Amino acid sequence: MASATPSMRKLLNDPEHVVRDSLAGLAVAHGDILKVDLAAQIVVRADAPRQGKVALVSGGGAGHEPMHGGFVGLGMLDAACPGAVFTSPVPDQMLAATTAVDGGAGVVHIVKNYTGDVMNFKLAAEDAADEGIAVESVLIDDDVAVQDSLYTAGRRGVGATVLAEKLAGAAAERGDDVAAVATIARRVNSRARSFGVALSSCIPPGSGTPIFDLPAGEMEVGIGIHGEPGRRREPLGTAREIAAEMVEAVISDLAPADGAELLVFTNAMGGTPLLELYVLHGEIERELTERGLRPARRLVGPFITSLEMAGASLTVLELDDELTALWDAPVNTAALRWGA
Amino acid sequence: MASATPSMRKLLNDPEHVVRDSLAGLAVAHGDILKVDLAAQIVVRADAPRQGKVALVSGGGAGHEPMHGGFVGLGMLDAACPGAVFTSPVPDQMLAATTAVDGGAGVVHIVKNYTGDVMNFKLAAEDAADEGIAVESVLIDDDVAVQDSLYTAGRRGVGATVLAEKLAGAAAERGDDVAAVATIARRVNSRARSFGVALSSCIPPGSGTPIFDLPAGEMEVGIGIHGEPGRRREPLGTAREIAAEMVEAVISDLAPADGAELLVFTNAMGGTPLLELYVLHGEIERELTERGLRPARRLVGPFITSLEMAGASLTVLELDDELTALWDAPVNTAALRWGA
Amino acid sequence: MSATVSVNAWMDEAAAAITADADRLTQLDSAIGDGDHGLNLTRGFKAVVEALATGSDGLAPGRRLILAGKTLVSTVGGASGPLWGTALRRAGRSVGDAEALDGPALADALDAALAGVIELGSAEVGDKTMVDALTPAVAALRGAVEAGQPLADAIAAAAEAAAEGARSTIPLQARKGRASYLGERSIGHEDPGAASTVLLITALGRALED
Amino acid sequence: MSATVSVNAWMDEAAAAITADADRLTQLDSAIGDGDHGLNLTRGFKAVVEALATGSDGLAPGRRLILAGKTLVSTVGGASGPLWGTALRRAGRSVGDAEALDGPALADALDAALAGVIELGSAEVGDKTMVDALTPAVAALRGAVEAGQPLADAIAAAAEAAAEGARSTIPLQARKGRASYLGERSIGHEDPGAASTVLLITALGRALED
């Protein structure tokens, strides 16, 4: 791979402008759904602002596509602000997004729990308050690989972000007020847990080199979405073994009710083909079912990625009737679409 | 990568059963849309057979997911038969699929032009005829990288397959008879052209080694979807240069009318992240527009892949009002969904 | 000339030879194809051996060949599955209900096999396919049989001709199958299907019974 | 003690030092973070230099620091952007409308900067962050200034203390930022933010005017 030589296996014009160039392509590809303000580096729903509707804004470092720009549209986000690759966006972007989509009913910020994201969104919310826009911030921290304690920056926000954006987006669409929309997002976060494994490192376009060295035949267990190393390194297991490990990590922490209905989100990190992801998903469902749990809704595919990293993550959300109905509600974005 | 060691970066139980295991996962993930007959190794629409509707069957080697299993459902395929990775399925599968979905109105086989696919589908069509099922076979051969002459097996079927399955599927859904559905698929094939580039080799799970050696910083131009080498090898260009090369290859061969409306399908081969694919797509649209052509519909994403190969392909279809309407018609499959 | 070929032994020997050389076949196919030829035929002949072991009792040689061909068609896929499957089915039909596969019957059977391959795949000698190995093998076998040579010698001559034919594919540019996509870059490599044909013809020599 | 610090020169020197050492910072961040620290600060300080070059005419030092801080916030992102941005904004506010940044004003400014970093990031000394370098630097500067040492010497002492603080992060286990996800595996690596802090404090010494 690119570690051996300085050249890369990437389709780019200039690594420095990859996010801007990618947004330009997103804009022409999905002009019916979204518009892109290249100067402000934000993605906004084509019909924004929607008067009277609570608006949802999210953002974070680029490199996790389709998140978040691919989730802008009816029933999900009103705006997304991508930073540089793996780097939190700046408050200016968040503020521009917030003012662009505010329809007078307030704005919810969905913030993944990374130091940079948290601090930049905090500064942006202060700026928005100065402009008279009510912002509710919701922190997503679902990654059980990180021990949530005084000794870390806390759990990372990973797969639950996608689910929170979908479900809170549906709540905003049905007319919930800003506090209620934020409550849905927080409920998703409190009932969802995630765990990921990596089979290779991703290669950020800026440096052109892998973030970590992982020999073939080994896996990093408990990985983050920015090449953060995981809990430990192990010999690569079978899909069945990996599924068992993921399910154990997620379910032991979530402790769902007996026979609970679940949304099972089996996510590819970017470099793992769908052929393999479905193998893993089948094993995950079997593991869950053997534990007496009931997969009721699924999302399978590359939705929160880490560039071309090989690997996968599991997110499990314990459903209730309201969350299920919100999941089934129409959505029309570049990456998720149904009922619309 | 796995060339260095015999171990792989793959989520599998057993390379020999990867297709079966993957189908099992597909089945539980999308039980509302499709069902899988694991013994026959076929994917069938959940509500098949649909009496009076022409049925569409496609298939080919696995490793190109979501094609074809991800395209089974309303408005697209009635059944898919995946072979082993990169290996044509056998006639038994095609026959089982054909009989499972025949609703009395005949069956259209969408066959990509590879020697193995063509011969196996030919034997299957003979078997189906013996059972009294009228089969129309449509050959897809859109890859302009191959010179169509007496000196080759002819052009390969690549991206146009996805479009033919969507548009012929919509024609079948609106009630066209078997000849008319086949005619739509053939029209798509005659008006579509494709061209691909690879930035890395894929690694079939059976052998565990890359099919070809491609140093970082080089690209293989005119690649197939099975690791077939391309027209030539070049230093890796910028996204803009690659877009120009792809557009030139496709448009010079297709020779669309001035100002023609186009469906632009920018496809990731598996290992190229969406971040980069959108960069390429933006450049492709600019190239097309500068030539006075009009992108009117788009499909951007990994839809016909080659395992984890890095790279992309461009497919351009010259639209007319009927094809545009068929594209916009509802579809509800694992991989493509709108209006339903 | 009283020797005959046992179909079951032929298929056992073929399966063993293919399995032993699967990596080499796959490497040849990686160079100019998609790297699955060894896997494809290993899977197919393994299935053939099983099918014959459980389902050939009481069947005449021709029926066994048809069963073997059907099994290949049903298990191999790719290009080689329908081609070798059709070849063995045609061979079996040519043998009909004959009780043993002696020299003349084998020569007719391989003629029919070759005709089936050509009908389905439209390849000619020189296109860099299995036809380049099978065609001289069939001719050599017939020639030796008609010259009254012992069957063992006739098969040895056929195997030698097949090997020669396979080697002759090396300098050729492929005009059929996946390798044809390579154009001039297919030159300098042996065709995998021709190489496996050598194994299958050679296996005949270890399947003789008196 | 008549020497003062030029804000524009400080930022020019900081940008040059960061750019020259960007690869090292990125490597440190690759070991225990996400490998972008060098890129982040290079981008930010380049923007600061441009902002000051075009927009600082007639501005007092405090205003220049605020402009620099806002520019960092607006261009860096990540953790270091809001932290250093807040630091410089707080420093600027502490300087107020003073006409020059002499020793006592600089000591107050860096005190305010550190307080801003701690308020936003809640890190303590020993958490393996930039705070581990900034805290001793600020103390050393204040001590030297209050002891009446020349500003150049005071800054040298601060730079020395920052370097010492950065080195002290090596054996620590991170408790803040991305590196904390590593747990014990963060031990044995220098914190990239502490390393860049050394560069920024050291750059002060090349920004003195009389």
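As written, the chain order gives the labels A, B, C and D, with residue 1 at the start of each chain.
Everything below uses one rule, namely that a contact is a pair of C-beta atoms (placed from the backbone, for glycine too) under 8 Å apart; a residue touches a chain by one contact, two chains touch by 3 or more.
No experiment lies behind these values; they were computed from the predicted model shown.
Q: Counting only C-alpha atoms to place each centre, which chain is farthest from subunit D?
A: If we average the C-alpha coordinates per chain, C ends up farthest from subunit D.
Q: Taking the mean of the C-alpha atoms as each chain's centre, how many Å separate subunit B from subunit C?
A: 32
Q: Mind checking the centre-to-centre distance between subunit B and subunit D? Centres are C-alpha means, answer in whole Å.
A: 54
Q: Could you grab the centroid distance between subunit A and subunit B? Build each centroid from C-alpha atoms only and quote it in angstrom.
A: 28
Q: What residues in subunit A touch two or more of the other chains?
A: In subunit A, the residues touching two or more other chains are 85.
Q: Pairs of chains that touch, anyone?
A: Touching chain pairs, listed by label, come out as A-B, A-D, B-C.
Q: Which of the residues in subunit B come into contact with subunit A in the complex?
A: Answer in residue numbers: 1-2, 4-14, 18-19, 21-30, 62-63, 65-66, 70, 85, 199-200, 215-218, 236, 238-240, 242, 266, 270-283, 285, 295, 298, 300, 302, 305, 307-308, 310, 312, 332, 334, 337-338, 340.
Q: Taking the complex as given, what residues does subunit A use to touch subunit D?
A: Listed in rising order, the residues are 61, 83-92, 114-116, 119-120, 122-123, 145-147, 150-153, 156, 204, 206-207, 209, 211-212, 224, 226-229.
Q: Within the complex, which stretch of subunit D touches subunit A?
A: Subunit D residues touching subunit A: 26, 30, 33-36, 39-40, 43, 73-83, 86, 120-121, 173, 175-178, 180-183, 185.
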